[in-house]
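Which chain is which? They are A, B, C and D, in the order written, and residues in each are numbered from 1.
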Amino acid sequence: MTVKVLYFASFREKTGRDEERRQVADGARVGDVWAALVREVPHFAAFLKMPPAAVNLEYAGPDRLLREGDELAFLPPVAGG
Amino acid sequence: MTVKVLYFASFREKTGRDEERRQVADGARVGDVWAALVREVPHFAAFLKMPPAAVNLEYAGPDRLLREGDELAFLPPVAGG
Amino acid sequence: MHLTHEPIDAAALLARARSSDGGVCVFVGVVRDENEGRSTTGIEYEAYGSMAEAEIGRLLAALAQTWPQVRVEIVHRLGRLAIGDASVAVLATAPHRAEAFAACREAIDRLKTTVPIWKKEFYRDGSSDWVDPTRAARH
Amino acid sequence: MHLTHEPIDAAALLARARSSDGGVCVFVGVVRDENEGRSTTGIEYEAYGSMAEAEIGRLLAALAQTWPQVRVEIVHRLGRLAIGDASVAVLATAPHRAEAFAACREAIDRLKTTVPIWKKEFYRDGSSDWVDPTRAARH
(Lines give C-alpha, C1' and ligand atoms only; values in the text may rest on other atoms or scores of the structure.)
Protein backbone atom coordinates (compact mmCIF):
# COMPACT_ATOMS: atom_id res chain seq x y z
CA MET A 1 0.00 0.00 0.00
CA THR A 2 0.97 3.64 -0.31
CA VAL A 3 1.35 6.30 2.37
CA LYS A 4 2.23 9.96 2.03
CA VAL A 5 5.24 11.08 4.05
CA LEU A 6 5.82 14.77 4.83
CA TYR A 7 9.05 16.54 5.83
CA PHE A 8 9.28 19.93 7.52
CA ALA A 9 11.92 22.41 8.59
CA SER A 10 15.32 20.75 9.20
CA PHE A 11 13.99 17.36 8.00
CA ARG A 12 12.82 18.98 4.75
CA GLU A 13 16.22 20.58 4.22
CA LYS A 14 18.20 17.45 5.13
CA THR A 15 16.15 15.12 2.91
CA GLY A 16 15.73 17.65 0.11
CA ARG A 17 12.02 16.88 -0.18
CA ASP A 18 8.84 18.08 1.46
CA GLU A 19 6.57 15.21 0.47
CA GLU A 20 6.83 11.72 -1.00
CA ARG A 21 4.63 8.70 -1.65
CA ARG A 22 6.11 5.54 -0.17
CA GLN A 23 5.23 1.92 -0.75
CA VAL A 24 4.96 0.10 2.57
CA ALA A 25 4.05 -3.52 3.38
CA ASP A 26 0.51 -4.30 4.51
CA GLY A 27 0.54 -4.20 8.30
CA ALA A 28 3.44 -1.75 8.39
CA ARG A 29 3.68 0.50 11.41
CA VAL A 30 5.09 3.99 11.87
CA GLY A 31 8.27 2.55 13.35
CA ASP A 32 8.84 0.44 10.22
CA VAL A 33 8.84 3.51 8.02
CA TRP A 34 11.25 5.24 10.37
CA ALA A 35 13.56 2.21 10.27
CA ALA A 36 13.58 2.40 6.48
CA LEU A 37 14.37 6.12 6.55
CA VAL A 38 17.25 5.52 8.97
CA ARG A 39 18.77 3.17 6.40
CA GLU A 40 18.20 5.58 3.49
CA VAL A 41 18.88 9.04 4.90
CA PRO A 42 22.31 9.77 6.41
CA HIS A 43 20.87 12.56 8.61
CA PHE A 44 18.42 10.16 10.25
CA ALA A 45 21.05 7.46 10.81
CA ALA A 46 22.46 9.49 13.70
CA PHE A 47 19.15 9.53 15.59
CA LEU A 48 19.14 7.48 18.79
CA LYS A 49 15.37 7.15 18.69
CA MET A 50 12.41 7.94 16.49
CA PRO A 51 11.39 11.62 16.57
CA PRO A 52 7.75 12.51 17.29
CA ALA A 53 5.51 11.38 14.46
CA ALA A 54 2.00 12.21 13.31
CA VAL A 55 -0.52 10.18 11.33
CA ASN A 56 -3.41 12.06 9.76
CA LEU A 57 -2.66 15.23 11.78
CA GLU A 58 -2.41 13.54 15.18
CA TYR A 59 0.61 12.46 17.17
CA ALA A 60 1.22 8.72 16.83
CA GLY A 61 3.71 6.31 18.37
CA PRO A 62 5.96 3.80 16.54
CA ASP A 63 3.39 0.99 16.98
CA ARG A 64 0.65 2.83 15.14
CA LEU A 65 -0.62 0.68 12.23
CA LEU A 66 -0.64 2.41 8.89
CA ARG A 67 -3.43 2.24 6.35
CA GLU A 68 -3.61 2.97 2.64
CA GLY A 69 -3.48 6.71 2.01
CA ASP A 70 -2.39 7.71 5.49
CA GLU A 71 -0.51 10.99 5.83
CA LEU A 72 2.59 10.39 7.93
CA ALA A 73 5.08 12.97 9.17
CA PHE A 74 8.19 12.76 11.33
CA LEU A 75 8.58 16.01 13.23
CA PRO A 76 11.74 17.90 14.22
CA PRO A 77 11.58 19.32 17.77
CA VAL A 78 8.84 21.96 17.68
CA ALA A 79 9.81 25.53 18.52
CA GLY A 80 6.81 27.76 17.97
CA GLY A 81 6.06 31.01 19.74
CA MET B 1 -0.04 71.42 66.66
CA THR B 2 -2.17 70.93 63.55
CA VAL B 3 -2.43 67.98 61.18
CA LYS B 4 -4.50 67.57 58.04
CA VAL B 5 -6.83 64.57 58.03
CA LEU B 6 -8.24 63.21 54.76
CA TYR B 7 -11.30 61.01 54.21
CA PHE B 8 -12.00 58.93 51.13
CA ALA B 9 -14.78 56.79 49.70
CA SER B 10 -17.03 55.33 52.42
CA PHE B 11 -15.19 57.29 55.14
CA ARG B 12 -15.79 60.52 53.21
CA GLU B 13 -19.48 59.74 52.87
CA LYS B 14 -19.92 58.61 56.48
CA THR B 15 -18.14 61.64 57.95
CA GLY B 16 -19.54 64.11 55.44
CA ARG B 17 -16.10 65.65 54.88
CA ASP B 18 -13.11 64.99 52.68
CA GLU B 19 -10.54 67.00 54.60
CA GLU B 20 -10.14 68.73 57.95
CA ARG B 21 -7.46 70.40 60.04
CA ARG B 22 -7.26 68.95 63.52
CA GLN B 23 -5.50 70.23 66.63
CA VAL B 24 -3.57 67.41 68.26
CA ALA B 25 -1.33 67.40 71.33
CA ASP B 26 2.42 67.54 70.89
CA GLY B 27 3.68 63.95 70.84
CA ALA B 28 0.34 62.65 69.53
CA ARG B 29 0.45 59.44 67.53
CA VAL B 30 -1.74 58.14 64.71
CA GLY B 31 -3.59 55.90 67.18
CA ASP B 32 -4.49 58.92 69.32
CA VAL B 33 -6.22 60.62 66.40
CA TRP B 34 -8.09 57.42 65.62
CA ALA B 35 -9.20 57.14 69.28
CA ALA B 36 -10.59 60.68 69.07
CA LEU B 37 -12.45 59.90 65.84
CA VAL B 38 -13.97 56.78 67.40
CA ARG B 39 -15.46 58.99 70.11
CA GLU B 40 -16.70 61.62 67.63
CA VAL B 41 -17.92 59.65 64.62
CA PRO B 42 -20.65 57.03 65.10
CA HIS B 43 -19.54 55.11 62.01
CA PHE B 44 -16.05 54.65 63.44
CA ALA B 45 -17.31 53.60 66.89
CA ALA B 46 -18.22 50.17 65.48
CA PHE B 47 -14.66 49.46 64.32
CA LEU B 48 -12.90 46.69 66.26
CA LYS B 49 -9.49 48.04 65.28
CA MET B 50 -7.90 50.96 63.52
CA PRO B 51 -8.11 50.77 59.73
CA PRO B 52 -4.95 51.15 57.65
CA ALA B 53 -3.58 54.68 57.95
CA ALA B 54 -1.13 56.77 55.95
CA VAL B 55 1.08 59.67 56.98
CA ASN B 56 2.49 61.85 54.21
CA LEU B 57 1.51 59.32 51.50
CA GLU B 58 2.99 56.25 53.20
CA TYR B 59 1.35 53.55 55.25
CA ALA B 60 1.87 54.15 58.99
CA GLY B 61 0.96 52.20 62.11
CA PRO B 62 -0.83 53.51 65.23
CA ASP B 63 2.46 54.26 66.99
CA ARG B 64 3.68 56.63 64.33
CA LEU B 65 4.48 60.02 65.88
CA LEU B 66 2.79 62.98 64.22
CA ARG B 67 4.45 66.26 63.41
CA GLU B 68 3.13 69.71 62.64
CA GLY B 69 1.59 69.83 59.18
CA ASP B 70 1.50 66.07 58.63
CA GLU B 71 -1.10 64.75 56.18
CA LEU B 72 -2.93 61.86 57.81
CA ALA B 73 -5.53 59.57 56.25
CA PHE B 74 -7.45 56.59 57.51
CA LEU B 75 -8.20 54.29 54.59
CA PRO B 76 -11.23 52.10 53.91
CA PRO B 77 -10.33 48.65 52.55
CA VAL B 78 -8.77 49.27 49.14
CA ALA B 79 -10.48 47.74 46.12
CA GLY B 80 -8.75 48.94 42.99
CA GLY B 81 -8.53 47.10 39.71
CA MET C 1 1.09 59.58 35.77
CA HIS C 2 -0.33 56.14 36.58
CA LEU C 3 -3.86 57.42 37.20
CA THR C 4 -6.12 58.78 34.50
CA HIS C 5 -9.68 59.91 34.00
CA GLU C 6 -9.46 59.09 30.28
CA PRO C 7 -10.27 55.71 28.70
CA ILE C 8 -7.34 53.31 28.91
CA ASP C 9 -5.72 52.59 25.56
CA ALA C 10 -4.39 49.06 26.14
CA ALA C 11 -3.38 48.82 22.48
CA ALA C 12 -1.12 51.85 22.80
CA LEU C 13 0.35 50.29 25.93
CA LEU C 14 1.05 47.08 23.99
CA ALA C 15 2.77 49.04 21.26
CA ARG C 16 5.35 50.31 23.75
CA ALA C 17 7.04 46.90 24.18
CA ARG C 18 10.78 47.05 23.58
CA SER C 19 12.24 45.13 20.65
CA SER C 20 14.74 43.39 22.91
CA ASP C 21 11.92 41.80 24.87
CA GLY C 22 10.69 38.40 23.82
CA GLY C 23 7.65 38.17 26.07
CA VAL C 24 4.92 40.73 26.63
CA CYS C 25 2.17 40.05 29.13
CA VAL C 26 -0.75 42.44 29.44
CA PHE C 27 -3.50 42.26 32.00
CA VAL C 28 -6.63 44.37 31.59
CA GLY C 29 -9.28 44.57 34.28
CA VAL C 30 -12.72 45.16 32.81
CA VAL C 31 -15.87 46.37 34.58
CA ARG C 32 -18.18 43.37 34.87
CA ASP C 33 -21.96 43.32 34.69
CA GLU C 34 -22.27 41.49 38.01
CA ASN C 35 -20.43 41.02 41.28
CA GLU C 36 -21.20 38.31 43.82
CA GLY C 37 -24.49 37.61 42.09
CA ARG C 38 -25.74 41.22 41.93
CA SER C 39 -26.31 42.88 38.55
CA THR C 40 -24.23 46.01 38.20
CA THR C 41 -24.60 48.97 35.84
CA GLY C 42 -21.27 50.66 36.46
CA ILE C 43 -18.48 51.49 38.87
CA GLU C 44 -17.11 54.74 40.25
CA TYR C 45 -13.40 54.67 41.07
CA GLU C 46 -12.00 57.09 43.63
CA ALA C 47 -8.36 57.41 44.63
CA TYR C 48 -6.18 59.08 47.22
CA GLY C 49 -4.39 60.36 44.16
CA SER C 50 -1.03 61.53 45.49
CA MET C 51 -0.61 58.46 47.68
CA ALA C 52 -1.81 56.08 44.94
CA GLU C 53 0.85 57.48 42.59
CA ALA C 54 3.47 57.07 45.31
CA GLU C 55 2.33 53.52 46.12
CA ILE C 56 2.41 52.50 42.46
CA GLY C 57 5.90 54.00 42.24
CA ARG C 58 6.99 51.91 45.24
CA LEU C 59 5.32 48.84 43.74
CA LEU C 60 7.22 49.30 40.46
CA ALA C 61 10.48 49.77 42.38
CA ALA C 62 9.86 46.53 44.30
CA LEU C 63 9.13 44.65 41.06
CA ALA C 64 12.34 46.02 39.53
CA GLN C 65 14.23 44.64 42.54
CA THR C 66 12.72 41.19 42.08
CA TRP C 67 12.92 41.12 38.27
CA PRO C 68 15.66 43.51 37.10
CA GLN C 69 15.08 42.56 33.45
CA VAL C 70 11.35 43.19 33.47
CA ARG C 71 9.77 46.52 32.63
CA VAL C 72 6.29 47.08 34.09
CA GLU C 73 3.76 49.79 33.35
CA ILE C 74 0.54 50.37 35.27
CA VAL C 75 -2.42 52.57 34.35
CA HIS C 76 -5.53 52.83 36.51
CA ARG C 77 -8.61 54.73 35.46
CA LEU C 78 -10.70 56.84 37.85
CA GLY C 79 -14.22 58.23 37.73
CA ARG C 80 -17.44 56.67 36.53
CA LEU C 81 -16.98 53.61 34.31
CA ALA C 82 -19.54 51.61 32.36
CA ILE C 83 -19.77 47.85 31.87
CA GLY C 84 -17.00 46.70 29.56
CA ASP C 85 -14.72 49.67 30.27
CA ALA C 86 -11.12 48.89 31.19
CA SER C 87 -10.40 49.96 34.76
CA VAL C 88 -6.77 48.97 34.95
CA ALA C 89 -4.03 47.81 32.62
CA VAL C 90 -0.68 46.28 33.50
CA LEU C 91 2.05 45.70 30.92
CA ALA C 92 5.09 43.57 31.68
CA THR C 93 7.79 43.03 29.07
CA ALA C 94 10.73 40.73 29.64
CA PRO C 95 13.35 38.78 27.71
CA HIS C 96 11.46 35.56 28.54
CA ARG C 97 7.81 34.81 29.12
CA ALA C 98 8.02 33.32 32.62
CA GLU C 99 9.19 36.64 34.06
CA ALA C 100 6.66 38.63 32.06
CA PHE C 101 3.78 36.54 33.44
CA ALA C 102 5.10 36.54 37.01
CA ALA C 103 5.72 40.29 37.17
CA CYS C 104 2.37 41.11 35.54
CA ARG C 105 0.50 38.90 38.01
CA GLU C 106 2.39 40.25 41.01
CA ALA C 107 1.76 43.83 39.89
CA ILE C 108 -2.02 43.47 39.65
CA ASP C 109 -2.26 41.41 42.86
CA ARG C 110 -0.31 43.96 44.88
CA LEU C 111 -2.04 46.90 43.25
CA LYS C 112 -5.40 45.55 44.38
CA THR C 113 -4.32 45.27 48.02
CA THR C 114 -1.97 48.20 48.59
CA VAL C 115 -2.83 51.08 46.29
CA PRO C 116 -5.46 53.42 47.82
CA ILE C 117 -8.19 53.19 45.22
CA TRP C 118 -11.81 52.45 46.03
CA LYS C 119 -14.77 51.48 43.94
CA LYS C 120 -18.45 52.11 44.39
CA GLU C 121 -20.69 49.67 42.55
CA PHE C 122 -24.00 50.77 41.11
CA TYR C 123 -26.67 48.08 41.01
CA ARG C 124 -29.54 47.58 38.64
CA ASP C 125 -32.03 48.22 41.47
CA GLY C 126 -30.71 51.77 41.79
CA SER C 127 -28.68 51.23 44.94
CA SER C 128 -24.92 51.53 45.25
CA ASP C 129 -22.23 50.45 47.66
CA TRP C 130 -18.50 50.71 48.27
CA VAL C 131 -16.75 47.43 47.60
CA ASP C 132 -15.08 45.95 50.68
CA PRO C 133 -12.84 42.98 49.78
CA THR C 134 -12.18 42.28 53.48
CA ARG C 135 -15.88 41.72 53.98
CA ALA C 136 -16.12 39.49 50.89
CA ALA C 137 -13.21 37.41 52.19
CA ARG C 138 -15.18 36.62 55.34
CA HIS C 139 -18.12 35.20 53.34
CA MET D 1 -7.76 30.10 11.29
CA HIS D 2 -5.10 30.24 14.03
CA LEU D 3 -2.19 30.62 11.63
CA THR D 4 -1.56 33.70 9.57
CA HIS D 5 1.07 35.17 7.28
CA GLU D 6 -0.14 38.69 8.09
CA PRO D 7 1.13 40.85 10.98
CA ILE D 8 -0.65 40.01 14.24
CA ASP D 9 -3.00 42.73 15.44
CA ALA D 10 -2.84 42.20 19.21
CA ALA D 11 -4.91 45.34 19.77
CA ALA D 12 -7.78 43.94 17.70
CA LEU D 13 -7.50 40.72 19.68
CA LEU D 14 -7.75 42.72 22.92
CA ALA D 15 -10.84 44.50 21.65
CA ARG D 16 -12.66 41.17 21.35
CA ALA D 17 -12.91 40.66 25.14
CA ARG D 18 -16.48 40.01 26.27
CA SER D 19 -18.15 42.54 28.56
CA SER D 20 -19.04 39.82 31.05
CA ASP D 21 -15.37 39.09 31.61
CA GLY D 22 -13.54 40.88 34.39
CA GLY D 23 -10.03 39.77 33.57
CA VAL D 24 -8.23 39.80 30.25
CA CYS D 25 -4.72 38.42 29.95
CA VAL D 26 -2.81 38.77 26.71
CA PHE D 27 0.57 37.28 25.94
CA VAL D 28 2.52 38.39 22.90
CA GLY D 29 5.71 36.68 21.83
CA VAL D 30 8.07 39.06 20.08
CA VAL D 31 11.06 38.27 17.88
CA ARG D 32 14.18 39.10 19.88
CA ASP D 33 17.46 40.48 18.64
CA GLU D 34 19.44 37.68 20.27
CA ASN D 35 19.11 34.07 21.37
CA GLU D 36 21.55 32.27 23.66
CA GLY D 37 24.06 35.03 23.17
CA ARG D 38 23.96 35.14 19.35
CA SER D 39 22.77 38.28 17.58
CA THR D 40 19.81 37.57 15.34
CA THR D 41 18.39 39.53 12.43
CA GLY D 42 15.11 37.68 12.00
CA ILE D 43 13.21 34.43 12.19
CA GLU D 44 11.42 32.29 9.62
CA TYR D 45 8.45 30.35 10.98
CA GLU D 46 7.32 27.20 9.20
CA ALA D 47 4.32 25.06 10.17
CA TYR D 48 2.78 21.73 9.36
CA GLY D 49 -0.27 23.88 8.75
CA SER D 50 -3.17 21.43 8.81
CA MET D 51 -1.82 19.60 11.85
CA ALA D 52 -0.94 22.84 13.66
CA GLU D 53 -4.53 24.04 13.22
CA ALA D 54 -5.79 20.70 14.54
CA GLU D 55 -3.37 20.74 17.49
CA ILE D 56 -4.36 24.28 18.45
CA GLY D 57 -8.00 23.18 18.25
CA ARG D 58 -7.27 20.28 20.60
CA LEU D 59 -5.32 22.60 22.89
CA LEU D 60 -8.27 25.02 23.08
CA ALA D 61 -10.65 22.13 23.79
CA ALA D 62 -8.41 20.92 26.63
CA LEU D 63 -8.26 24.42 28.10
CA ALA D 64 -12.06 24.67 27.92
CA GLN D 65 -12.27 21.41 29.88
CA THR D 66 -9.97 22.74 32.60
CA TRP D 67 -11.45 26.28 32.70
CA PRO D 68 -15.02 26.23 31.39
CA GLN D 69 -15.45 29.94 32.04
CA VAL D 70 -12.35 31.04 30.18
CA ARG D 71 -12.30 31.91 26.49
CA VAL D 72 -8.93 31.58 24.80
CA GLU D 73 -7.79 32.74 21.38
CA ILE D 74 -4.49 31.91 19.75
CA VAL D 75 -2.90 33.43 16.67
CA HIS D 76 0.50 32.37 15.36
CA ARG D 77 2.28 34.10 12.52
CA LEU D 78 4.27 32.25 9.86
CA GLY D 79 6.90 33.30 7.33
CA ARG D 80 9.83 35.66 7.68
CA LEU D 81 9.63 37.98 10.69
CA ALA D 82 11.87 40.87 11.68
CA ILE D 83 13.12 41.86 15.13
CA GLY D 84 10.23 43.31 17.14
CA ASP D 85 7.52 41.53 15.15
CA ALA D 86 4.89 39.63 17.12
CA SER D 87 5.16 35.91 16.37
CA VAL D 88 2.32 34.68 18.56
CA ALA D 89 -0.53 36.17 20.57
CA VAL D 90 -2.70 34.46 23.17
CA LEU D 91 -5.82 36.08 24.62
CA ALA D 92 -7.55 34.66 27.68
CA THR D 93 -10.65 36.31 29.07
CA ALA D 94 -12.32 35.13 32.25
CA PRO D 95 -14.67 36.35 34.97
CA HIS D 96 -11.70 36.56 37.35
CA ARG D 97 -8.05 37.28 36.79
CA ALA D 98 -6.55 34.12 38.30
CA GLU D 99 -8.15 31.97 35.60
CA ALA D 100 -7.23 34.43 32.85
CA PHE D 101 -3.54 34.30 33.84
CA ALA D 102 -3.49 30.53 34.31
CA ALA D 103 -5.18 29.72 31.00
CA CYS D 104 -3.04 32.21 29.07
CA ARG D 105 0.16 30.76 30.51
CA GLU D 106 -0.92 27.16 29.93
CA ALA D 107 -1.89 27.98 26.34
CA ILE D 108 1.48 29.45 25.39
CA ASP D 109 3.44 26.75 27.26
CA ARG D 110 1.60 23.93 25.54
CA LEU D 111 1.65 25.65 22.18
CA LYS D 112 5.43 25.82 22.30
CA THR D 113 5.80 22.09 22.97
CA THR D 114 2.98 20.44 21.03
CA VAL D 115 2.04 22.53 17.99
CA PRO D 116 4.14 21.62 14.92
CA ILE D 117 5.73 24.97 14.18
CA TRP D 118 9.45 25.45 13.65
CA LYS D 119 11.67 28.47 13.52
CA LYS D 120 14.86 29.16 11.69
CA GLU D 121 16.99 31.89 13.18
CA PHE D 122 19.06 34.17 10.99
CA TYR D 123 22.27 35.44 12.58
CA ARG D 124 24.17 38.64 12.04
CA ASP D 125 27.13 36.70 10.61
CA GLY D 126 24.91 35.53 7.74
CA SER D 127 24.38 31.99 8.96
CA SER D 128 21.06 30.47 9.98
CA ASP D 129 19.85 27.49 11.94
CA TRP D 130 16.68 25.69 12.98
CA VAL D 131 15.96 26.18 16.67
CA ASP D 132 16.01 22.94 18.65
CA PRO D 133 14.67 23.43 22.20
CA THR D 134 15.58 19.84 23.11
CA ARG D 135 19.21 20.61 22.34
CA ALA D 136 19.08 23.87 24.32
CA ALA D 137 17.66 21.97 27.29
CA ARG D 138 20.75 19.76 27.37
CA HIS D 139 23.09 22.75 27.66
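Convention: a contact is a pair of C-beta atoms (placed from the backbone, for glycine too) under 8 Å apart; a residue touches a chain by one contact, two chains touch by 3 or more.
From a predicted model like this one, the values you see are computed outputs, not experimental measurements.
Shared contacts of chain B and chain C, meaning chains that touch the two of them, come down to nothing at all. Taking the mean of C-alpha positions as each chain's centre, the chain lying farthest from the centre of chain C is A. Centre-to-centre separation between chain C and chain D, using Cα means, comes to 24 Å.
We define each chain's centre as the mean of its Cα atoms; on that basis chain A and chain C are separated by 49 Å. Spacing of chain A relative to chain B, judged by their CA centroids, is 73 angstrom.
Residue positions 81 of chain A are each in touch with at least two other chains.
Looking at chain C, residues 29, 97, 108 sit in touch with two or more other chains. Across the complex, chain C meets chain B through its residues 29, 45-48, 50-52, 54-55, 76, 87-88, 108, 111-120, 130-135.
On the chain D side of its complex with chain C, the touching residues are 10-11, 14-15, 17, 19-34, 83-84, 95, 97, 100-101, 104-105, 108. Residue ranges on chain B touching chain C, taken from their complex, read 6, 8-10, 13, 54, 57-59, 73, 75-81.
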